[in-house]
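Look for chain A in each of the two complexes below; its partner is chain B in the first and chain C in the second.
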Partner chain A sequence: MPLSTQSQSQDEQYVLVANLDNARNLSNILKAITCKDHAVFTATANGLKVTVEDCKCMQANAFIQADIFQEFTLKEDMVIFQVNLTVLLDCLNIFGGSTAAGASTALRMCYMGYGHPLTLFLEEGGVVTVCKINTQEPEEPIDFEFSSSNVTNKVILQSESLKEAFSELDMTSEVLQITMSPSQPYFRLSTFGNSGNAHYDYSKDSDMMELFQCSTTQTNRYKMSLLKPSTKALAISCKVSVRTDSRGLLSLQYLVRNDDGQICFVEYFCCPDEEVEEE
Partner chain B sequence: MQCVVTGGNVKVLGKAVHSLSRIGDELYVEPQEDGLALRSVNSSRSAYACFLFAPLFFSRYAIPTGLNFRCKMAIKSVQSVFKSLATLEKTVEKCHIGLDEQKDRLTFTLHCKHGLLKTHNLSYQDSESLEAVFDKNSCANVFRAQPRVLVDTVVHFPTSLEEVTVTVSDERMWVRNHVEDEAERSKAMLTELCLAADEFDYFAVKAHYSITFCLKEFRGLLLFAESTGLPVSMYFDEPGSPVVLSVTDSVLEGNFVLATLSDNHDLQKSNRGGDADQPHPPDDFMSDDMDAYLIAMDTSAAPGPSTADPPPPSLATFRKPPAPNYRTRTHSEEEEEDDGEEDPERPPDKKFRSLFFGSVLPPSSQMNTQPLTTQEVLASDSEDETEAD
Partner chain C sequence: MKFRGKITDIACLNHFTRVVTTISKLTKTCVLRLTPDHLFFILPGKVTNGGVGMWCQLLQANFFQEYQMEGVTSEVQEICLEVSPEPWSRALKTVQSAKSVKLKLTRKHCACLTVAAELPTLSSVGRVVTHDVPVDVIPRRLWQEFQEAGVPDFDVSVYLPPLKTMKSVVDRMKNLSNFLVMEANLNGDMNLKIQTDLVSVTTHFKDLGNPSRDPEVMAEVTVDIRKLQQFLMGQQVNPSKALCNIVHQNVVHLVLLHEDVSLQYFIPAVA
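== the complex of A and B ==
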């Protein structure tokens, strides 16, 4: 039920107004990048991008396109603010977050600009809640300069099979090693734990492998603690693309379908650990 | 060494590993001519389990002749190979087990659907042989039941319950929770179930014994039996003698050997010193507590083994004085002892003083031909002091 409690004049003060009939279309995707407390929101004409960073070497982005929203009005070219993501998610789920059919929370997100809080109007079953979350000085997200022209290896896999591997990963291993190669083992995830090492190999001919474009053999190690949060994005996705560039920077892109079947994207960037010799 | 397991047997293998993890922290692996043996024992050596998978269990079982290899590894690492049993069933086509003696690694390779290959290289340690000596055939009481019957029985006991007592008469079996402390008895909740002989596939009682053993380890076996649907056989003798629980089919055999509480609170003294396979001296069972114990049982309403049954029939091996079949339980601690009391002619040698490793079989029983294997123990892991004197 669209909210019409705001008077027209008040609306004109907001630089950003975004309406969603189903707040879960936002909260579910934000949960997939919640690994740190704070997130930077960047709103452009394309839609909303939410960024979370860790240790300056991992970055998670959630993209919700403008057409996912029932209304997406922007008064400036770009609006940026930072809020506590945990608090925001608590507000979005303020009516209990139940997934009962027909019981969905409507959201109207409004922002007046720098110095003002982020205002959320949430409605379910005729009950309206107003939340005002203080915004913080936004930290500039890192630009990893990952360009498609610099991509050395790329695979696209169906999430189902990767989910199995990630759920079984040996957590006593400090690193997750990813090997991509035009020859055997093609695509390999390796862990080095207390009791030995484990390898998960995906053949390029596997029916789970939708795309396989590997030009050079690359092996890179990434801190397990940085990549573990990506399993949340993996869990809600249907496909994932794994790309590395010449520096070994890892880009994981997840295709997520929301409750209404619309497509959103989640992306993880992760810097590699030191150069490793091929084992 | 190359072994290949295919199809549903992969899940059976995984289930066996999980089942063994209920016993001890380490998995002992020994490829033998007659099959692959997976064993585990608990730290106090009061529970032992062994699964033997015959060559036919495997689609390929190749052991180099004369291979004398045995190792042990952390059971958690092997469990991680078979982490999700539901997934195993659905996606694993075959499991290949290979040995790399150069690198001290045992490799488990799971070939899964959709071209996914999972390889686990697990490091192991060399180990000494681990085998319990027991003879199922000499046991007085033998039972066999479908796993469902036993699972439905133990479900009535809380998971925190340590020990259960099983008592049998000619036609019935009672299962009851064991309460250690006499003083606790009046405050504790006592649960007792009675199973009739016709619930069992086989029920043969020669002596009306009552044994007490660890429930957690028993549940470990039931875990395996229930998932494979194999009937469970139970063999036991007098209290103090281990209870053996078995599952068998044409290609595998699993045995769980659990120590039972002995009536003999002098067991510690008799165990001390000398060879482990000396027979026990006759014991004194008439302790002061017994009368109080009997009184407590007399007040129970339900007809149970405590009230009616006549003393057990005399057996050649049964050295105890005829008495109502309820006796005070003394928990005899499992200890590994110092080699100080060993025969000076023999080289210093630490032996198990195990409640059941060859030490408590009735002297007249037919021992099977397995030699008593001793374990070289370099450091006792028992915290308990041995009995003085």
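== the complex of A and C ==
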């Protein structure tokens, strides 16, 4: 395979080399966080974290652990760069994005460090495409300081149940309101649009509810435009955890299984639009 | 000036329809040149079509079970018409189950290519559906443009890679750049390259094979990517032979052969 005939000396120049037999294991998960043009890539020994932010109050992260890659070599403790995400996705899908049986694109991703482009070698059926994507000055991702110790309410749901609700969300509503409570209605999604108010309730006893830990009643509103992209992550996930902290900050965590059945995570953080006091 | 052709064989009808449909994806209008033995779909490479040229040649006997024509004069057994292949393709697609399809040059409110299809019915009474596709008769004084373009003196000739792969790659490259460089050598290598401020992408095709033998020198042409994409979008069947001739920094000449149809497409270099 052409990709593995990279010369030894060239390899030594790269601070990051990541190989995947199936490029879709990266491109599919990146599609789930594509809502802005550029993304920050942070590579550590644990693997790759890709971050996209919007308006300084929404952040989407995709985590691809090191063991998902067939090779993941890092010469420094942490490597950070920023690239245009839509360009990267066009390159990853250069041979077409379809899931034709037997045909998969192999990927070798290499980075020489600050000031160098991100180099991708993609191979399918003996044809090799080389892409050099210019990197940008990385903007440091916001730390929302969301810690497990601050979590007030948490539920874990099977994604199936939320998919229907999210696909029907009234987009004329400026906000999505989330209510979590130890008593009725337990977990409720609400919209306030042109056709009126809509509520989706999920009981704590529902089959779809895998975990229900709500200690206080909280109602928070989030800008619909910021949360709508999370539908892409929901679509490819099998489970989702919804957590809020004392500030009303929302954390959505999606468990995603890739083509090979391996697990990756996507996480969305969103700041509340305004606080609504429960009457 | 008369023309009447009849197709009664369903495979011939399907094939003819596919050819017209392919042409309709390549150009909005073109010249239909009819001779006793051939049909030609011609787009002379002019500035008005961005320099793109096309020449498609069909042996009439391979498609029509009956074929009669009388040229403009008794000495000149040729007819040249300007046609829009798209309405013609649409008409043909609706009569795929016909028992027979007649193609006639008629004069209704204007000159027309009439598609008359005899459709099967359950009763003994046949049903005929006609579509009139307006055409323009081209005067003889303009005919010298439609003689076959000489095959350019190319620098490199190479067989094309699988068109499906080429199309996937070109589709993605079009998202990234307006221009693409096609280069090939006589070692069976072909590269498609784009370069912008944001990204550079090169796809390497190898072992393609060359029709002739000569030293290893790359010839390249920078083309408008939409023109290459348009050519690839039009292809409905896998050709038995697909060739690419390159005149360095001048023109890309693509030749497809499928059974009895040859299609040539010229893409000029961008200024």
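Remarks
To be clear about the criterion, the second predicted complex is superposed on the first by the 274 of 279 C-alpha atoms of A that agree within 3 Å, B and C clash if a C-alpha of one lies under 4 Å from a C-alpha of the other, contacts with A are read in each partner's own complex, and residues count from 1 in each chain.
Everything that follows uses one rule, which is that a residue touches a chain if its C-beta (ideal position, glycine included) is under 8 Å from a C-beta of that chain, and two chains touch if they have at least 3 such contacts.
Here the structure is a predicted model, which means the values were calculated and not measured.
When the two complexes are overlaid on chain A, chain B and chain C sit side by side with no clash.
Of the two partner chains, chain C is the only one that A:84 touches; chain B does not reach it. When the two structures are aligned on the shared chain, A:73 is found in touch with neither chain B nor chain C. Contact with chain B, but none with chain C, is seen for A:203 once the two complexes are overlaid on the shared chain.
In the superposed model, the angle subtended at the C-alpha centre of chain A by the C-alpha centres of chain B and chain C comes to 60 degrees, rounded to the nearest 10.
In the superposition on chain A, A:168 makes contact with chain B only, not with chain C.
When the shared chain is aligned, chain B comes close enough to touch A:195, but chain C does not.
With chain A used as the common frame, chain B approaches chain C to a shortest CA-CA distance of 8 Å. In the superposition on chain A, the residues of chain A contacted by chain B and by chain C do not overlap at all. Residues 161, 164-165, 167-168, 170, 185, 193-203, 205-209 of chain A are the ones that touch chain B when the two sit in their complex. Remark: chain B residues 73-74, 76-77, 80, 83-84, 87, 91, 105, 114-123 touch chain A in the complex.
The touching residues of chain C, counted against chain A in their complex, run 161, 165, 168-169, 171-173, 175-176, 197-207. Remark: chain A residues 84, 86-87, 90-91, 93-96, 117, 124-134 touch chain C in the complex.
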